[in-house]
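In the two assemblies presented below, chain A is common to both, partnered first by chain B and then by chain C.
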Partner chain A sequence: MDPIYRALAEIVGEEYVSDQPEELFTYSKDLGTSEPIQPDYVAAPKTAEQVSRIVRMANQKKVPVVPLGGGISLAGLALPLRGGITLDLKRMDGIIELNEKSRYIVVEAGISHGKLTSYLHRHAPHLMHSEPGAPPAATIGGNVVIHGQGDLAHPYGFNSDMINGMEVVLPTGEICRFGSCAIGSGWYTLHPLPDLGLFLGWSGSTGILTKISLRLFPCKKIREMDIFVVEDEELVPDILYELTHAGMAEDLVAWSQEIPPYGNRLHHININITGDSREEMEFKRHLMFDIRLARYIQDGVGGIAAVSQDIERPQISKSADWKKGGGFEYVGSIMPVSAYPECYRRGMEISIRHHIPYTILGRVIGSAHGMMFSYSYAFNRADPETVRQAREALHETDHMVLEIGGTIWKPAVYGQQLVMERMDPNTLQLMKKVKTLLDPNNIMNPGNWEVN
Partner chain B sequence: MIELDFNEKKCLACKTHDCLTKCQYLDLDKDAAGMEMQKIIKGEDSHVLHDCVTCYACEEYCPMGNHPFYLIVSRQEALGITPLPEPLIKRGVQMGIPFRGDPEIEEVQGPVLNMGAFSDLTHLIQGKLFEGLTLISTDPRKMFHYFCQLMYLHYGRISVINERLGKIIQTFAFHNVNQVIHFHDECYGAYTSYAPAFGIHVPFQSVHFFEYLYHRLTTLKNDIQPLNFKVAYQRPCSSRLSSDKYAFVDKIFELIGVEHVERKYKHENALCCGGSILGQKRAGSRALAMELQRKNIQDMKQAGAEFCVFNCPACMLTMGKPVAENQIQPIFMSDLCRMAVGEKIT
Partner chain C sequence: MSLAEYKYQDIIHRCFRCGYCKFPTDWDDVTNCPAYARYRLESYSTGGRLWLIRAWLTGEIQWSQHLAEIVYSCAACKNCVEKCPLSFHNDIVNMIIAAKNEMVELGLLPAPVKKFLQNIQLHGNPYGLPAKRRKAWMDGLNIESYHGQEYLYYVGCEGAYDTRAQLAARAVATLLLKTGISFGALGNDEACDGNEVEMLGEDGLVELVAEKNIKNFQKLGIKKIITLSPHAYNAFKNIYPRFGGEFKVFHYTQVLQDLLDRIKQDGQSAQGAKVTYHDPCFLGRWNSEYEAPRTLLKATGFQLIEMPRNKRGALCCGGGGGNFVTDFLGGSEESPARIRVREAHATGATILAVACPNCLTMLEDAVKVEGLEEELMVKDIAEILIESKQ
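Moving on, here comes the complex of A and B:
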């Protein structure tokens, strides 16, 4: 029997390891335009200790290890670029501690957002976490390691800013904790100890996140979405500035898309408003619409399209429906809010060039400190030509994002190379040193963030 | 040439100018109303064109059978006085563009029920009240091929209606229909009020939904168990285009044994749900919409209404939630009637 397979089976149990082609096949693809790449093994550990033993074994055998969360990153971030072991972390989905008064929850990294939301609804309905626009199967660990954002991005920032502590299995197998949990003081803060934040944004190439203490936030009783519309893209940063000044919204998302027609060449700003009473809701709406946005309404350049709608998470996956065949992938970018008009115009130009209906969305992060701006491209999974068109559009968008002063969010390898080409040389060398120090045998998700 | 058939002489001969004096959102006496109407007729600017909340009610108030509301909207467009901000107008106009291919056209026999742009509400059309009826516009992807376009009266865009309505009528004609029951007042108003006012030929007969319901309930009289509820009715703006059919509301209520509660904002004095006012660019529009809702619901509560009955989905969307939060159950008329004939609604 294959010694690596045998070692994996001994660690996680026969049921949770496979080297069978039909199972490897399902791990060889993600939902985007990337070509399939098959791992040699798949293992699904249950504990951090099992992860640690696998990583130690992999170091001995010099076999790559690729951690996998929900598998829905689209950009090929969890594809085994150099084969090896795909570590499916979804069995590590336990809830370890809920501390209501201190507003945090400690979870295993493989827990899905859907499971956590469901747990909070049952056990702490007055608390919530920042859930991303991704399907509920997205994992907490997968989302924070790519610096994801969710529906609390406006008041509280990136989801990776909402971490109180974490446990990581290093590429050499040691299990480390960071934050107050490292000194046995509970999982309530990541600060003020020495900063060892070497694991977020690396696409799992510097370690495997196994536990996370996640901040929770007040979940108000009434949760509704209002929509404000403008035609002139130049007004969007101003409107967002006004809305973030008021500070009454829980989430702010601007979008424009060719299909359905009502969104074409218009900019919808979805404003999530929450409150514990109708009076609170009305107070917030008064501040936003009657005070901050009144002049746009009266000048006839902006208008309230809807109020009190049920909250609908931005689902750019719907754009997959714009072509037959149900495929889509997007470039995410982090941009200054002031860049919205150019992002919109340039994104639309790329879509037109590649014959894809344009779908553009920007979510405010912090008090308009930044924006996650996505450019989504639909393709037909059964038509290689449209897949190629979408891939070219994605690559062109990667270049455009950097050209106009943005940063690519969770870039695929193509985008990672573009980012590193532009990176400050000293920073790049530090990245290399960190990677070499932590992962001397380069076994962790190799091919990602690789400095030559 | 599609042109409004508006008789100026009738206006000049009018002794009341009810169109504007009865308006619940403007404060005009008879003389001022007459003067403002003359300005509007002549194509001059009038504050009425700016202050109109587009509630349609003047169409009903006019004692001369003229079309003051259609005239107001025509003038708003001609003079560039739009009630809504431009982006909302563009959004609304684009919303009515069909984009998912052509509808499947099948010839139909007998009366049909037209869902218009509310194909996602076909669940309301079930049970014995609707047995034997053929539904058209049941596919939400294709429903804008049956969209009556009258919504654009709120947008100051007569031209859009006139440009598109002929094609919509043609789609019905392809089905070879001769009698169409319209689920929504607005569609009924489009084919029985707006089209004749603008000289647009409609090759089928239209039946108001409530008239159909009333007659169907009559044939099912033995199945009716009086509901004994106290209800309020949220009269939609488009009901003003068919005020002769409004009587069916009380006839239905009487038949199914519910009490239409007496209240201030009833019948002719019905208040707008606020949906069309909310986004208007006139200062204070949002607050006005909220205040109208508050007054309307308070009035229902004081009158002891247990249910608020809707027919317009837009009114339901705007007011359903706040009504429910005030312990009054929102319900569609069709569901209320189904309850009366012993059917369970979900």
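Moving on, here comes the complex of A and C:
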């Protein structure tokens, strides 16, 4: 029997390892436009110790290891670019500690956002974490590793800014802890110890997160979504500036899209407001609409499109089916909010050029410190021509994002190369040194963030 | 039929594989797809299965025993149908059944499935037991043969042959007798309802079984049927009309809920004892009946505690789609039945109530394997009704 297979089976149990064509096929595919690439093995470990043993074995055999969470980054980030072992981490989905008064929760990294939300709803309904608009199968580990953002991005920033502590299996197999947990204290802060910054943003190429302490935030009883709409894209940055000055919203998302028709060429700003009482809600609405946005309404350039809508779990997956084709991928970019008008116009131009209905969406991060601006391109999975078109549109968008002064979020390998081409040479060399130091055999998700 | 004629050619590529299908209604966990819960590899999730089926259709992968087992590990529980946000969601299980149709056509079946279907063909039941032993469940009960009564009481294969399910079949019959309604049973003349045959993709055999039963029912003048099993209920209600068989079909809980005053028992007082209820997929998600069983349980005086995953979000016992015999989901601590009894146990209930002979046997076996016999009893609602004082 193949020694690597045998070793994996011994570590995780025969049931949770496969080298069969069916699993290799399944794990060769990403949801987006990436070409399939097969791993040689798939294994689903249950503990950090198992992960560590696998990584040590992989170093001996010089075989790549690719961590996989929900596998829904869309950018092919968990495809085994050099083959090797795909590690499906979703069996590592335990909840280790909920500390209500200190507002944090320690979880295993493979837990899904859906499960965490449900757990909090049941056990600590006055607390919440920042849930991305991704399908609920997205994992906490996979999300922070790529600097995801969720529905608390406006008040609290990137999800990766909400970490109080981490446990990581290094590419050489050691299990390391970071933050107060590293000195045996609770998992309540990542600071003020020396900042290593070695794992977030690296797409799993510098280590495998196995435990994460996440900050929790107040979850208010009453929650609603209001929508403000304008026709002139130039007004969007001003409006967001006003809204973030008021600081009353929990989430701010501006979007415009061709389908459904009411979204076409109009700019909707979804404003989530929450409160514990009617008075609190009223006060927040008053501050935003009567004070901050009144002049747009009076000038006849903006209007309230909806009030008191239920906040429902976003079902962005539906956009995959606009071409009845089961596929879409987006370029996410981190942009200054002031770039909204140009982002919109340039994004729409690309969509039109590639015959794809345009979908543009920007989520405010912090007090308008930035915006995650996404350009989505639907395709028909059964029609290679549409996949090719979408891929071209994505690549064109990657270039455009950098051209207009943005950075690409969770770039696919193509975008990573573009980013690294522009990167400060000293920074680039430091990246290389860090990677070589941590991963001397280059086994950890190789091909991602690879400095030549 | 060749693979090119696969019925859902036009939509199978539309699965985005986003994973909503793994969750229950309250997003409690990714383990509400029984096959995914058991194996925890993407290939066994609904999305993985659909992508594999498509790859088989397009020739990207070849048929293999393993592929067939992945396809047949689908318990047809419809959790995916419930959760998928895309517009074709109602067809998801149909897409999987259609792939099974193809495998049947090509004669490419895993051995346990082949055996299951052969047994139905030869003996009229999946166990391969003689048809003349079918009426064993009625022994000692004063049940009339069907001869024009208002209702036919149909027990189905599990109720007729499985020694544990026979007790449930008898409990239901005892209660029906108590209600005084006019009913009869078919005894050895009863034959498999064909629900699982449909789920296993053997279209030809479904037709044969359904037509034979319909002919028999019509000859006997049967208009109303009470079933023990939600699987039979589903077959008569949703499959038989395709073949011209229109009957008024009831699950026994639906009949009894209206006749509660006639079945008052003098059994033990429940005294606040706790019971939890496991929704069978073919009563719940397939036929939206969530209340009748609960109405009966509430009438027993037991305290009904819901498991976190209930009603539309219930976790399947893993016995559907023929798996109670073919057993592609068994043999592990993470077998859905074992997960389910642990979940039931965690509620603090001492009784796990079921309304399906299939769930009854699956979950009772799981209780034994989990070593919970002292703490949790699996009982059919009819058995609970008989034992309790209302």
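Everything that follows uses one rule, which is that the second predicted complex is superposed on the first by the 446 of 452 C-alpha atoms of A that agree within 3 Å, B and C clash if a C-alpha of one lies under 4 Å from a C-alpha of the other, contacts with A are read in each partner's own complex, and residues count from 1 in each chain.
Note that in this section contacts are C-beta pairs under 8 Å (C-beta built on N, C-alpha and C of every residue); 3 or more make two chains touch, one makes a residue touch a chain.
It should be emphasised that the depicted structure is a prediction, and the values quoted were computed from it without experimental measurement.
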Inset, instruction - Considering only touches as defined above, state whether A:K115 meets chain B (first), chain C (second), both or neither. - result: second
Inset, instruction - Check the residue A:P425 against both partner chains and state whether it touches chain B (first), chain C (second), both, or neither. - result: neither
Inset, instruction - Tell me which partner A:G184 touches in the superposition: chain B (first), chain C (second), both or neither. - result: neither
Inset, instruction - For A:P3, decide between first (touching chain B), second (touching chain C), both and neither. - result: neither
Inset, instruction - See if chain A has more residues touched by chain B or by chain C, and give me that chain. - result: C
Inset, instruction - Please work out whether A:P192 is in contact with chain B alone, chain C alone, both, or neither, and reply first, second, both or neither. - result: neither
Inset, instruction - Using the superposition on chain A described above, determine whether A:E282 touches chain B (first), chain C (second), both, or neither. - result: first
Legend entry - Contacts of A:V230 with chain B and chain C, given as first, second, both or neither: first
Inset, instruction - Could you give the residue numbers on chain A that contact chain B in one complex and chain C in the other? - result: none
Inset, instruction - State the interface residues of chain A toward chain C in the complex, per the touch definition above. - result: 15-16, 18, 20-23, 25-27, 29, 31, 42, 44, 70-72, 88, 90-91, 93, 112, 114-115, 117-119, 121-122, 135-137, 313, 315, 317-318, 320-321, 324-328, 380-382
Legend entry - Partner chain A, residues of chain C touching it in the complex: 11, 13-20, 22-23, 26-30, 39-43, 48, 51-52, 55, 60-62, 64, 66-67, 70, 85-88, 308, 332
Legend entry - chain B-facing residues of chain A, complex: 229-231, 259-267, 278, 282, 285-286, 289-290, 294, 296-305, 307-308
Legend entry - Footprint of chain A on chain B - complex, ascending: 82, 84-88, 90-92, 94-95, 97, 99, 278-279, 281-287, 290, 321, 325
